[in-house]
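Everything on this sheet refers to the single structure shown next.
Note that the chains take the letters A, B and C in the order they are written out, and that residue 1 is the start of every chain.
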Amino acid sequence: MEAVKALFEDVKRIRKERPLVHNITNYVVMNSTANALLALGAAPVMAHAFEEVEEMVGIARALVLNIGTLSTPWVASMRKAAEVARERGIPMVLDPVGAGATSMRTATALHLVQEGKPAVVRGNASEILSLHGTSAETKGVESTHESDAAALAARDLAAKEGCVVSVSGVVDYITDGEAVIEVLNGHPMMPRVTGMGCTAAALTGAFAAVNPSALEAAANAMAVMGIAGEVAGKKAEGPGTFQVQFFDALYRLDQSTIRERLKMKRT
Amino acid sequence: MEAVKALFEDVKRIRKERPLVHNITNYVVMNSTANALLALGAAPVMAHAFEEVEEMVGIARALVLNIGTLSTPWVASMRKAAEVARERGIPMVLDPVGAGATSMRTATALHLVQEGKPAVVRGNASEILSLHGTSAETKGVESTHESDAAALAARDLAAKEGCVVSVSGVVDYITDGEAVIEVLNGHPMMPRVTGMGCTAAALTGAFAAVNPSALEAAANAMAVMGIAGEVAGKKAEGPGTFQVQFFDALYRLDQSTIRERLKMKRT
Amino acid sequence: MEAVKALFEDVKRIRKERPLVHNITNYVVMNSTANALLALGAAPVMAHAFEEVEEMVGIARALVLNIGTLSTPWVASMRKAAEVARERGIPMVLDPVGAGATSMRTATALHLVQEGKPAVVRGNASEILSLHGTSAETKGVESTHESDAAALAARDLAAKEGCVVSVSGVVDYITDGEAVIEVLNGHPMMPRVTGMGCTAAALTGAFAAVNPSALEAAANAMAVMGIAGEVAGKKAEGPGTFQVQFFDALYRLDQSTIRERLKMKRT
């Protein structure tokens, strides 16, 4: 019940304060993440030019960096934006899309973790394992589940880098290196819509803008994702209708829906 | 009644002639503005490479420049495209997204207004105030409403630059510096969908392609936006369904819907 | 019946193997083509940085190049990606969007056809005519239909370049220079949604990833496009609902729907 109230308190603050969330994100999801932020109640802005990132970060209440469609000029802008955010105490969320797939992505993500001092790193299991240096090959026979390995990697990475790590999956795993929150909400259609992970990172930015606890912000964002996904999944007949219903669910999210559905465990 | 017929005449011309509208616009809205143009009946093309803008503008019947996700190479292409459009008498619509938020945006928008000689500048109140040099701070106590200040700024800017200024808001205000048209159509869900302003600018391009009066083209575009928004709003349960229904409403727009809904005032 | 089974066999392989399809495509359609690939069952990735294309192509099972929003750095990445794909035997699909409209597009598309050795070139009639060097002016009086001229150009281009050419239209025409497959499926709403041609190219990549016959892969992709379009068209009230229903139809596509609707002719 405490968690339900705390989560809805954050949602109400987002809707009332309409925090500006500055995204430097990938081309694929710009439209859908902007729509998700608007549907929830935040104010998105996308701006990537090196010449303007300092000013734009300066008027934002959160910064979301997403490396899904990298190129060299964008990396420079992300680094600059991260530096400004760090100096001004603006929470930064990093989505290390595809870390591990190419060396450019892994290196960029690692640099942004180490120098950018994100409040939250949000990725899937394989991305977090890659940032931690645990490749699929080196997981060892002890780890019967990838998710177990990812949980270990997440705790380790969070402790080492002094940030929150949020691993999305069937069970979302959010940790600051000590405390752990698990979110069991979600829907099987979510991986069939492009950019749902990126949307989770964008919403994490909105929650981080209004909640000074990065751990709670990250967990509340994942819970809202999962709950909106469940509501959308009831009406959807495929990923097309799912995406549309998902935006509506974010917009219509109320306390009774949260109370009815929230499955969050603290350990 | 005159206004209803004139508006539907433009819509019919767009549907019959399928004018090519060349957009150099922001990444966030490329898909949704292309879909809006297609739904209405126009033919969108997006092309931003400096090497090809001259040829592309040359085969287009309108040019839409939108600075929502600027970078230096895109600014160069926009300037080139504006120059070619001006030389060839192709109407240009400028959407100064975020003017006032960063100096790069304000400077780029001002340059495009002054050198590019747009047929129409379409923005929200704060963008138009920023282009006019009226900051929120300098509005003074006389202006009890931001929209009053924006109306003054729009008239002034239009007269000075010899263009039409179209300010979107609860009441849209369109002026060539002397004549004023106000459009009262619209729906409260519209600001909850990303890029509705950008869509208004894109549709203004389609109307400018078929109507030699920039004032009427701009007003008719805002009326179609507002009417399609009202039709969509009746069926929508949130911004997801709203966006989808909005495209359908543009596609299905007919004279009787316009007659029933149009709220346009000339002064 | 043979064709029905063969097509559904490909769909099942895509859903089971989830082939990674690497897209270097235009900004307008990145979201919708990623969603189409996911809805069908494939795994899309978008990556355009010169620094990472080699690695990314190396882990993909198909490469899709689409020149819809070109710029010089992207052309360099496309050429590099094509080279790597050719060396490693990864099928490449080229969508020459706007070839003929500007010299940059025509030259880039021609270079990618000649040096990149695509498995399939998929375009509309005017793009294929432009690649073939047959301008509208030179079609001659013998060609009473543009589609006749496009069929001749497609056969000729396919034979000369040793690739499959897939021309989309009311009747899709797919040829390797000798054999010809025609697909009669489709819906009149499809040209009213942006990027349907680009989606066809992306799905051609998914089929090429699982079917070693480029001719069959290209034809099966066009058939799935057309059938999903017909299913979507039954529920749609405009291009907004059409797009959403199209994704759902790809996701729900089953053998009985294919059997009921497939209209494919081999000659």
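Everything that follows uses one rule, which is that contacts are C-beta pairs under 8 Å (C-beta built on N, C-alpha and C of every residue); 3 or more make two chains touch, one makes a residue touch a chain.
Since this is a predicted model, take the numbers as computed values, not measurements.
A.B. asks: Upon optimal superposition of chain B on chain C over Cα atoms, what rotation angle is obtained, reported to the nearest 5 degrees?
C.D. replies: So the angle, rounded to a multiple of 5, is 120 degrees.
A.B. asks: Please state whether the interface between chain A and chain B is built from the same residues or different ones, using more than half shared residue numbers as the mark of same.
C.D. replies: Under half of the interface numbering overlaps between copies: different.
A.B. asks: Distance-wise, how many Å sit between the C-alpha centres of chain A and chain B, to the nearest whole number?
C.D. replies: Roughly 33 Å, centre to centre.
A.B. asks: Give the residues of chain B touching no fewer than two other chains, as numbers and ranges.
C.D. replies: As it turns out, chain B has residues touching two or more other chains at 27, 31, 243-244.
A.B. asks: Please name which positions on chain A make contact with chain C in the complex.
C.D. replies: By the definition above, chain A touches chain C via 26-29, 31-32, 68-72, 98, 101-105, 191-195, 236-241, 243-244.
A.B. asks: In their complex, what parts of chain C are in touch with chain A?
C.D. replies: Chain C reaches chain A through residues 27, 30-31, 34-35, 38-39, 44-49, 51-52, 55-56, 59, 73, 243-252.
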